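Take a look at the following structure, please.
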Amino acid sequence: MGLSNETRENLGRVSVATITTALFKRGLRNQFIQDVHPLHAGLPNMVGEAFTLRYIPAREVLNPIGVFKDRAHPQRKAIEECPPGAVMVIDSRKDARAASAGSILVARLMKRGCAGIVTDGGFRDSPDIARLAIPAYHQRPASPTNLTRHQALDINVPIGCGDAPVFPGDVIVGDAEGVVVVPAHLSEEIAAEALEMTAFEDFVTEEVLKGRSILGLYPATDPQSERDFAAWRKANGR
Amino acid sequence: MGLSNETRENLGRVSVATITTALFKRGLRNQFIQDVHPLHAGLPNMVGEAFTLRYIPAREVLNPIGVFKDRAHPQRKAIEECPPGAVMVIDSRKDARAASAGSILVARLMKRGCAGIVTDGGFRDSPDIARLAIPAYHQRPASPTNLTRHQALDINVPIGCGDAPVFPGDVIVGDAEGVVVVPAHLSEEIAAEALEMTAFEDFVTEEVLKGRSILGLYPATDPQSERDFAAWRKANGR
Amino acid sequence: MGLSNETRENLGRVSVATITTALFKRGLRNQFIQDVHPLHAGLPNMVGEAFTLRYIPAREVLNPIGVFKDRAHPQRKAIEECPPGAVMVIDSRKDARAASAGSILVARLMKRGCAGIVTDGGFRDSPDIARLAIPAYHQRPASPTNLTRHQALDINVPIGCGDAPVFPGDVIVGDAEGVVVVPAHLSEEIAAEALEMTAFEDFVTEEVLKGRSILGLYPATDPQSERDFAAWRKANGR
Amino acid sequence: MGLSNETRENLGRVSVATITTALFKRGLRNQFIQDVHPLHAGLPNMVGEAFTLRYIPAREVLNPIGVFKDRAHPQRKAIEECPPGAVMVIDSRKDARAASAGSILVARLMKRGCAGIVTDGGFRDSPDIARLAIPAYHQRPASPTNLTRHQALDINVPIGCGDAPVFPGDVIVGDAEGVVVVPAHLSEEIAAEALEMTAFEDFVTEEVLKGRSILGLYPATDPQSERDFAAWRKANGR
Amino acid sequence: MGLSNETRENLGRVSVATITTALFKRGLRNQFIQDVHPLHAGLPNMVGEAFTLRYIPAREVLNPIGVFKDRAHPQRKAIEECPPGAVMVIDSRKDARAASAGSILVARLMKRGCAGIVTDGGFRDSPDIARLAIPAYHQRPASPTNLTRHQALDINVPIGCGDAPVFPGDVIVGDAEGVVVVPAHLSEEIAAEALEMTAFEDFVTEEVLKGRSILGLYPATDPQSERDFAAWRKANGR
Amino acid sequence: MGLSNETRENLGRVSVATITTALFKRGLRNQFIQDVHPLHAGLPNMVGEAFTLRYIPAREVLNPIGVFKDRAHPQRKAIEECPPGAVMVIDSRKDARAASAGSILVARLMKRGCAGIVTDGGFRDSPDIARLAIPAYHQRPASPTNLTRHQALDINVPIGCGDAPVFPGDVIVGDAEGVVVVPAHLSEEIAAEALEMTAFEDFVTEEVLKGRSILGLYPATDPQSERDFAAWRKANGR
């Protein structure tokens, strides 16, 4: 079955921060990918199922420049196999001393209809990637070719990325702030709950910007806050 | 008594770098808050007396989502109590794996007339905070709710922030580069001295951009440099 | 002899990422300066021979504010002696807790016709430096005066910068992504090879953006790719 | 009421590792003080209620060598006030560049009957402390006087130590491996449960050393394992 | 075929340092497992083929204490399947905040005839492991149960350990200093070469301790050194 | 002139901790070499003038195994030139991923009468070095040959070591806890003062071990403490 269009749309309308709170309520404290940021902060939310790539440290004799002549090289294969709508997530062991991928591969992912790409290492050609219309997240730019430090090994196995666990099929959501991993079986309920929370947060933000105190409002422990929110929802059709 | 309007204005016209030099001359080498940057680099200097908030690592059983229903929760209380004109400074133990605060709380601070907010951790909703007209400084974005890692504990006690000591009432100054902590009793003289230094640096910059060597000019060991500076001050009314 | 105009121009047209691959093919895996970025990402490539400055940790009694009155102070001397066209590279031991230099010195370098400046620490007055028309690369802003942590010691000796070895006369290239160190004796051949590689990468990028698979194209293991590239070169005059 | 003798004795007979598992079962994942070790690994378990001391970064002008002439200086006061049987826990912000305390203060604690001392920084005079008959835990030796980096500020407030939250009155247990923080209200049940777990682990260890597989034994999913354990308990009087 | 008895014996007689030099001569610079040390430094060399276990960050809902009741849990399965004579190598992502394994599992490995165990994280029950007659290497003690941070996932796949690549079947050698990974196909020649190098190093050490200069001796650029070494070999039967 | 026998003897009788306090009183807060420890903690104090060696990151093509055939290679040359009685201090940029030196070189230093060796990286053959009767300090063992990461470059220039500045001729003192750098011109007065402080600390330790409070005793703000100390000195001939 997988990710429904409705869930995908809902996750496109909420923030990563709001999702982390919904996950926190379910005992999940470790689903935020630490220390990655978008190369282009102006794109819509990235939403898609995780398709993973695992790197290990490179052994020099196994990673000469010629390895890419092999069409079955896992890095290149992964780029051609990542399903449209999916997000490629790369386990680079948080090592940004060499690239996880470059602009040509990311452009190919974009053309194939993939939803985005995340590494806990770094991208090369990062200024070019920043101009592509596909969300890409990394730790910091890394010009050296991936062979310098990374050997691509496994496609679509469970991995760690930025200290978060990522299982193939988990739903990955990224916004201008960061990236969160939503376990597949929770994605629908998290999306719905986050949408509700977002309505409330938008209401609260409006009130606060009008000068109202957060006490009793956020959270809405004052019954008046609940009434005001109900009225706001009606007025705003949310 | 506290921070006079004149000192506040003077500190608004000088750079954090210049202030650190004035502090260095007095044996204070550790007043720069390390590794924080502004979310919005285009705002005027942040100047205000420190109002602090101290976090400790969160114990799970003490930090369920429900704690915010308590109006006396130190994080929410601090936001409502931080005096207008003051800068809230948060000791997050340099841990940006969870948020120190989010956009609703920062918006409330702004509406209450506070001068800014600094954490050595990270903010959530950082793209929203970046659009608010209040200076905010952090290490990096952190979407997860603060309860994930932080328990708010103390209001307005001496703290560490970014390896710098911060005492309530210290004068906090932030510019597009960073944040410095000026001990309260020195703020007036530091402000005056930094204003003088800034005049000289502006003069030197103009001269250098005209092609003059820094030798004898910066510092002004050549008597001609002193004369030229005197003339420049007269000409520029500074 | 040194760096020819042709090599300088060629290195101005290629990316740091491409250069690192050409170096990798020659067994050089460690020439990328780790964890520095440009203050102003919109400038043309920085290209020039390395002129180095070495800092050691500051001993307080040797580094009062008065040391700059000495015209022979190595930091100030280096700024006046760095040859036009050269890149000043500073070994700050990756310590950004105090400044490596500030805007006045960088402005002077610019006026003297130097090609750029790199530190593996941080600059102070970074917003001002970002407005100067000279490439400058650092780790993060650092307001405190360099005397707080750094003592300038040696001019134009071999150093480490961002974990890369830098010898005086090495050719330094920086782009919007980062900085690479090209050993002097290889600079001509690396420039030529990188220019060729860039032509091929531009061709591949165009093809990928038209929807072509990377398999057989990148690298060009399919003979058709070679033929298409030859035609593209003819058509584009490259 | 506080820590009973029975609970104290029970906690003296179990390992920190076993206690962390009992806490894990209750949702407490963050009670192990990270990256500290005993200076003398041959002592019995350290068990006692937490008495805390909080340091902030030192401001030079507030921390000349003369401050210790003040009998109310928090560091010296804490040493004289820590109750017999209690464990002093110091929040040094994981900074071991200067000492948290030295051998004279630790000797005084020992003579006053305190149960031990823990810092997430370092001790000076560490070879001398290692010869005292009081458990002491730190990150690494740190010779410089504490005034170099630390200002003692608060006595017996909640703190962080090695990324774990510590509240006054929590029960601190240390063995040859490390230190764990047991919330006061759980100490009795954790002690009892850990004692039971230890009996089972001792039985399993004996069986494994005789050559038995862990499958079905650890955990005891094979009913025979349960029966064997019951027999072992009877035979060993545990 | 695998590791011959002769190669195993030879690798038992040489140091990890000597092996790294033999690997360096073949362009392998990254085979030393960084930042691990033996719990018991007095054992003979650990030599065996790598049998690997891969951990990813734990997702709380997948890692309750009950998971070990499943006999197919990869951690427990790996302990029972690691071949006699093999070395278990665990990829713990250099995270020692929770245990990679404890004394019961290590004791079972020992009883099953395995040659040793290595993790780039930490062991719990480390004082007990230190008393077992099986080499075990880790970064630092880690009392919390592995479920706190680690989920065992894959058995015998290529991994990274301490920044080194480890493929199943690689030959792992550990001594009192550290652990090195020898690619399987090189193990015989590396063992033979390291044995020769060790003879020379033993000769040089004897000479140096008699007062001889290293110039001309180490390396033996003086022909007399070659002659003396030949005589030494004859005299010592090596 | 240099280091007198009396100063050398005095520095042999005091602790590194005591010396750091004497330096602190003179405004020197940064003379402790951070994060190094002795390989053999049972030796007398190491005392000698600094003779330095500077490493930069290795460039592969300049550092094949053959470089040591050059008798002028700075590493080997330094070992033969370090004066008897001096301490060799190596700037390894705090990088312990490859060795700074091994047992043969350290043995040669010992035979040449040098007083000790310190690196802020790591030694190879560390178990052998630990058995030599010469003090050696490092961060952690590092088996890979130095060529893997380090190129020896300069002999006897000012360096950084463990974040401390070291000038040739500075007096280096190491004990079982760590290493401190005493500026040459202060060595005599620091030695004398530290000897006095040590007498007082020994007196205080005795009193504390008899059960006396530190208040009024340490520091001796109670006049009785001064009188008792005077009596103790007379009784103990110190």
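Labels for the chains are A, B, C, D, E and F, by order of writing; each one numbers its residues from 1.
The working rule: a contact is a pair of C-beta atoms (placed from the backbone, for glycine too) under 8 Å apart; a residue touches a chain by one contact, two chains touch by 3 or more.
Since the structure is predicted, the reported quantities are computational estimates derived from the model, not experimental observations.
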{"item": "For chain D and chain E, chains touching each", "value": "F"}
{"item": "Chains in simultaneous contact with chain A and chain C", "value": "B"}
{"item": "Copies chain E and chain A - interface residue numbers shared by over half, same or different", "value": "same"}
{"item": "Chain A and chain D, separation of their C-alpha mean positions in angstrom", "value": "39"}
{"item": "Interchain centroid distance [CA atoms averaged], chain C/chain F, Å", "value": "37"}
{"item": "Centre distance in Å when chain A and chain F are each reduced to the mean of their C-alpha atoms", "value": "49"}
{"item": "In chain B, residues with contacts to at least two other chains", "value": "27, 29"}
{"item": "Touching chain combinations (by label order)", "value": "A-B, A-C, A-E, B-C, B-D, C-F, D-E, D-F, E-F"}
{"item": "Residues of chain F defined as touching chain E within the complex", "value": "65, 68-69, 71, 76, 79-80, 96-97, 99, 102-105, 107-108, 111, 124-128, 140-145, 147-148"}
{"item": "Residue ranges of chain E in contact with chain A within the complex", "value": "26-31, 56-62, 93, 151, 153-154, 157-160, 163-167, 183"}
{"item": "Residues of chain A defined as touching chain B within the complex", "value": "15-17, 19-21, 24-25, 29, 32, 34-35, 37, 41, 175-178, 180, 201, 204-205, 208-209, 211, 213-216, 218-219, 221"}
